[in-house]
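Written below as structure tokens is the structure these notes are about.
In order of appearance the chains are A, B, C and D, and numbering begins at 1 in each one.
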Amino acid sequence: MAGRNSLFIPGPTNMPERIRLAMDVNTEDHRALSAPDFMVPLFEDLKKIFRTEKGEVIVFPSSGTGGWEAAITNTLSPGDKVLTARFGQFSSLWIDSCRALGIEVEDIDVPWGEGAPVTQIAERLAADTQHEIKGVVVCHNETATGVTSDVKGVREALDACNHPALLYVDGISSIGAIEFEMDAWGVDLAVAGSQKGFMLPTGLGIVGVSQKALQAGETALCPRFYFDFKMMINQTRTGFGPYTPAMGLLRGLRASVDVLLEEGMGNVWQRHHRLAEGVRQAVAAWGLSTCAKTPAWQSDTVTGVMVPEHIDGQEIVKRAYQDYNLSLGGGLTQVAGKLFRIGHLGDLNECMLFSALGGAEMVMRDLGMDIEPGKGVGAAIEYWHKNK
Amino acid sequence: MAGRNSLFIPGPTNMPERIRLAMDVNTEDHRALSAPDFMVPLFEDLKKIFRTEKGEVIVFPSSGTGGWEAAITNTLSPGDKVLTARFGQFSSLWIDSCRALGIEVEDIDVPWGEGAPVTQIAERLAADTQHEIKGVVVCHNETATGVTSDVKGVREALDACNHPALLYVDGISSIGAIEFEMDAWGVDLAVAGSQKGFMLPTGLGIVGVSQKALQAGETALCPRFYFDFKMMINQTRTGFGPYTPAMGLLRGLRASVDVLLEEGMGNVWQRHHRLAEGVRQAVAAWGLSTCAKTPAWQSDTVTGVMVPEHIDGQEIVKRAYQDYNLSLGGGLTQVAGKLFRIGHLGDLNECMLFSALGGAEMVMRDLGMDIEPGKGVGAAIEYWHKNK
Amino acid sequence: MAGRNSLFIPGPTNMPERIRLAMDVNTEDHRALSAPDFMVPLFEDLKKIFRTEKGEVIVFPSSGTGGWEAAITNTLSPGDKVLTARFGQFSSLWIDSCRALGIEVEDIDVPWGEGAPVTQIAERLAADTQHEIKGVVVCHNETATGVTSDVKGVREALDACNHPALLYVDGISSIGAIEFEMDAWGVDLAVAGSQKGFMLPTGLGIVGVSQKALQAGETALCPRFYFDFKMMINQTRTGFGPYTPAMGLLRGLRASVDVLLEEGMGNVWQRHHRLAEGVRQAVAAWGLSTCAKTPAWQSDTVTGVMVPEHIDGQEIVKRAYQDYNLSLGGGLTQVAGKLFRIGHLGDLNECMLFSALGGAEMVMRDLGMDIEPGKGVGAAIEYWHKNK
Amino acid sequence: MAGRNSLFIPGPTNMPERIRLAMDVNTEDHRALSAPDFMVPLFEDLKKIFRTEKGEVIVFPSSGTGGWEAAITNTLSPGDKVLTARFGQFSSLWIDSCRALGIEVEDIDVPWGEGAPVTQIAERLAADTQHEIKGVVVCHNETATGVTSDVKGVREALDACNHPALLYVDGISSIGAIEFEMDAWGVDLAVAGSQKGFMLPTGLGIVGVSQKALQAGETALCPRFYFDFKMMINQTRTGFGPYTPAMGLLRGLRASVDVLLEEGMGNVWQRHHRLAEGVRQAVAAWGLSTCAKTPAWQSDTVTGVMVPEHIDGQEIVKRAYQDYNLSLGGGLTQVAGKLFRIGHLGDLNECMLFSALGGAEMVMRDLGMDIEPGKGVGAAIEYWHKNK
């Protein structure tokens, strides 16, 4: 099939050439004398992406899920309770993982299309005068629905009742793309993966850890070895870790951090918002709605586009791929078939997004949907024109 | 600037990953025992792209212009006369080059936007009963205007009066992209470059040579060394040439030939036509016209889009690049400022072209042109939908 | 510093160009319809490297250490006892990891330079009539000393007393390089990493699992999520896993498996032996001894070269790197300073090894050691000449 | 065949990773507004490699042979006479090329193994009181024999009799590797290629041109178009040339120039000398002699190793390649079978050269030559040890 694949899944994301090249190198000696010169500044600069000066950032050779496991096992003991909400595939996955690792989970069920219910969380925390809740878990950006939660609000809820629980944030599809402030929001555990905002291949679990979280580790009894913070933090500080580091990906991470910091985190977030808003204008022009129930929930990294009842969202995804070499995201479990997703995070610009918007229009046209071809693209253009 | 450059100049063209990887290799010994196993079949397969069984294909480490110089100096003597037409930047360049190399050129001036004037050529050939004209030179695809000439018609004109002149074709922006039949059209010299239909970086001049042309070389007195057919044809036949071959590019050429032959030349041509027609539908929807004066002249590899008088086409090209990382082609000499060009040859598909069409619309919107954003994209979608 | 780094650490190993190129690709959609066509045969072919038809091979985005954690937590319950021996850095690390994960370890202390003590293990197993020992853990190739253990002998010891314990093998620096027969030796858990015999960057933990081990998982109570066999085995069978796969590395793994199977596992092992023997001939010609105490223990993937008492082995490693861009391995903990290590596994041939041997000779000459320069290289040549 | 090819032909040479990566990029728009920012400083910095402040450096998409043709046709008229010497394959090739291009050549025959005969040239120039000789052509480094000529001596011969002839130097296998001083030696035309000291793939002819040579171009009547200095010098000055530039190779050239200038030309030359001397010590230790007749002629970029009468040098080259994946250079025409060549120019260090020396020893051992294996490597080590 001629031409490039147009990749608009909500991660892994498009890799900038500069990052690709940074990894395309011969094997190197990770124990070379010069290794710390590379390693130590990398971990220092990573903090700027997480927006933490007080915390640490630890990197595991794993996917983001591994980073999540690290966050849990390094700070909790079997039987400890965490409070969280379930409003999509990924927020649910974290509940499963906590339970598998011996953690008790109190989960608030929220309709898909909304995010973490700050008011309910606040009430629950206020009621927990015995501080049985050891952690509050927030999925910052639910990739399955295109919903962003209010992490800062959850922090305020904790503070309002002086609750000592740790604040865990799944930032896998948010960090490096949309506003995230680890220190300012008092996040204790912030989990990212290499394949989203960092624009790298999958393979690194990147975890921001507050001093409070590190301290919790002293008494946390969950068994752990591979994902042990204490052993890995040595790598952060000395350049030499407990086991072989994934040097190729770390070289890529260096380039990724450079790319992000050169653009500036504020600009990165602003660009993601501007591009996302263009996509949402297109969706509206198509006469369709987003999975996110209100604008407040809409994510700047992925948009779930609800399709009419008689249309199978999965068919759109399938045809896009087969007929036009366009990769979109499908609906998962509860929303399978009900939507398709356009990922718009990472290394993107307007012209690239026309491939996604135009391609989606073409597939919807092929499927006989009542869409005027070009309407969505035109709405995005109009928005981007007016908001340069 | 975030995101990929959207490249829609009329060459060099987008490089498929497979071709990029084929060249990204360590230096190799071009005199290794195994070299012929690579070289000989490559030159054999190149013939299938040129559609010749009787001729030879010779490859020089040079740009296409070098291939052109080779075609001239290997077949003509100083003072020999060729007949040609001038209807754009590149057809003019060939005239300059012939003159610089000592060849007398009789050129027919044609308005830009038209191609080789078959009737005039036929008349001129019929009148040349002494056969003073040694060659007829045709620019198959004029990249500056987006015009395709009728090579077959010129061959018929030659045959009609039994004229023995050699038929020279500049196929730099046609071969490997649009219909080209070296044997069937009786082309004697067919010049291509690596950076257009072959989807490679610039650096190879690729020349198809008929037996008649090779024979003409026996008495052709133009001085030549680097571009000597006789020396280079050895490489074609034995795998070893007179000087160091550009192995990296040749590795890429192997991948390019594979990519083209796997798609099938007929399919390649058909895809280029289908994509080009979508672009032209967009241009019409914008209310603009192509530089090519009639549909018959319209090129399937590049479209020159005429802009209204009060608009500077160069400003569109400049803004596209600066504001949206979109590379379009500008107008050259006679049409400078009067048009912008969208290259649509090489490794392309519909979704990629939305970047060009949507991007052009956005720039025209920014410039205040009376274009309804999305209209062009919509017209292309409608065409592609109906012509799957 | 001009010229390439000569990499002779005992892993990560030199990456063949073909494997490098396989990974140097744009991001791809791991949920594409075509994903299973890639995934399923890959896991099937991996079995041929592990030499298992009955077992399964599971791949985690992690280093080999993660694969090790997977082997433990999927088959044992907290408090279960395993029997093992400690004879180097890596055999010790596994003991630490087992203990961290709640497993009781009975370890036999063996002098560094020897491997797993089959006789002692056999005695201990015979004495365990209550079958309190749930697993026997063998470090197949101790990278710190250059010692290979007799896995087959341990299996025979188990069989001799009909002991039902699972057989765990650390094959990180052996599988894909030296003889390893998962089925024939009755190995239940075989742990490999991407960065040794597989010639890939670090980032994949590759675990061979017997049916008996899978069954043990039904009752194994160690908490686990990221490294859960059951979830991951789906990826093996359907092409879709529980979390984002490390596609880049998996593309490389495909190339790696192809490279290994094309050479043939028997040939791979034979080549490693031949090259290793040349290295050992050089060591002998230098008048030095290997860390491995007898030829029976000598590893075909790494040689520990003992240095005279007055010489600091670490100084050799440091100078090799700083003065000659040659990466050797140093001595760890117990043997720090007492040896240097030459890794000779992965994508190597004779001429490449001359860089290591000549380089080591040059450094030893610089340090004033009583070595006749060229002697070691000459001995290797003589051996390779006679054993073509 | 496992392991990397050990490449020791006298060019194309090993490509540093940094240069490889510089070229491994997507197609870019060579007419982009930003093009001059890249082009103009590149051409400026190239002068530092040629060691010229007064001259210009012009780059053609061609091999070095094309650069040579450019030097001739831009400065001479048909029938002009040049004086040169023939002492190897490449000095002979230049004579052929001059003649093919209509230049009269007076050539002094010199035994292979010697270089340009300064005394004879001086005598001939002194006798040419009518200044019929328009140019003196010197092959600086004869790659076929491993001989370096005294360019400075030829300049002195010209100056001694105030002869106005242009000084043409074939520096293809010298510039960027061994001492070359365009201004100081009064070189008028200096021809280099990308694939030797510049460590790039073949594909660029790089020509240093003095102001005197540029002036000669005003009256030079050799026909030329593709290789026209005047048209190309625009690229040097404005960033935009007469035809499509080979951007991929130019990106590599940028990296190459950076690599060379960062090391410093003096250091580059010194490194080549030191490495070459080690090779020569090895040759002597083998009891063999170099093709260069005296040390004064010995080249620091390639060594021709004479083999005993009963041995076929070509067999050494063949076996090295087939049995050990080692690429050496063979003997050409007059010395075919009488020698093999070790290229030692470009991105090399001691450990890499052990592959060539050890490999050659092993092949000679296989062929039954009376060589003590390791002797040559040992001699090189001893030399490098004493000359750190």
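We adopt the following convention: a residue touches a chain if its C-beta (ideal position, glycine included) is under 8 Å from a C-beta of that chain, and two chains touch if they have at least 3 such contacts.
On a predicted model such as this, the values are computed, not experimentally measured, just so you know.
Enquirer: Would you mind telling me which chain pair, B-C or A-B, is linked by more contacting C-beta pairs?
Expert: A-B
Enquirer: Would you mind checking which chain's C-alpha centre is most distant from the centre of chain A?
Expert: If we average the C-alpha coordinates per chain, D ends up farthest from chain A.
Enquirer: Would you kindly tell me how far, in whole Å, the mean C-alpha position of chain C lies from that of chain B?
Expert: Whole-Å distance between the two chain centres: 54.
Enquirer: Between chain A and chain B, what is the gap in Å from one C-alpha centre to the other?
Expert: Centre separation, chain A to chain B: 46 Å.
Enquirer: Please set out, as single numbers or ranges, the residues of chain B touching at least two other chains.
Expert: Residue numbers touching two or more other chains: 4, 14, 17, 24, 26.
Enquirer: What part of chain A is in contact with chain B in the complex they form?
Expert: 1-4, 6, 14, 16-17, 24, 263, 268, 271, 323-326, 347-352, 354-359, 361-362, 365-366, 372-382, 384-385, 388
Enquirer: Any idea which chain B residues touch chain D in the complex?
Expert: Within the complex, chain B touches chain D at residues 4-5, 7, 9, 11-15, 20, 23-24, 26-33, 60-66, 68-69, 78, 93, 96-97, 100-102, 193, 195, 201-203, 222-228, 242-249, 318, 321-322, 327, 329-330.
Enquirer: Hey, which residues of chain A end up touching chain D in the complex?
Expert: Where chain A meets chain D, its residues are 17, 21, 24-26.
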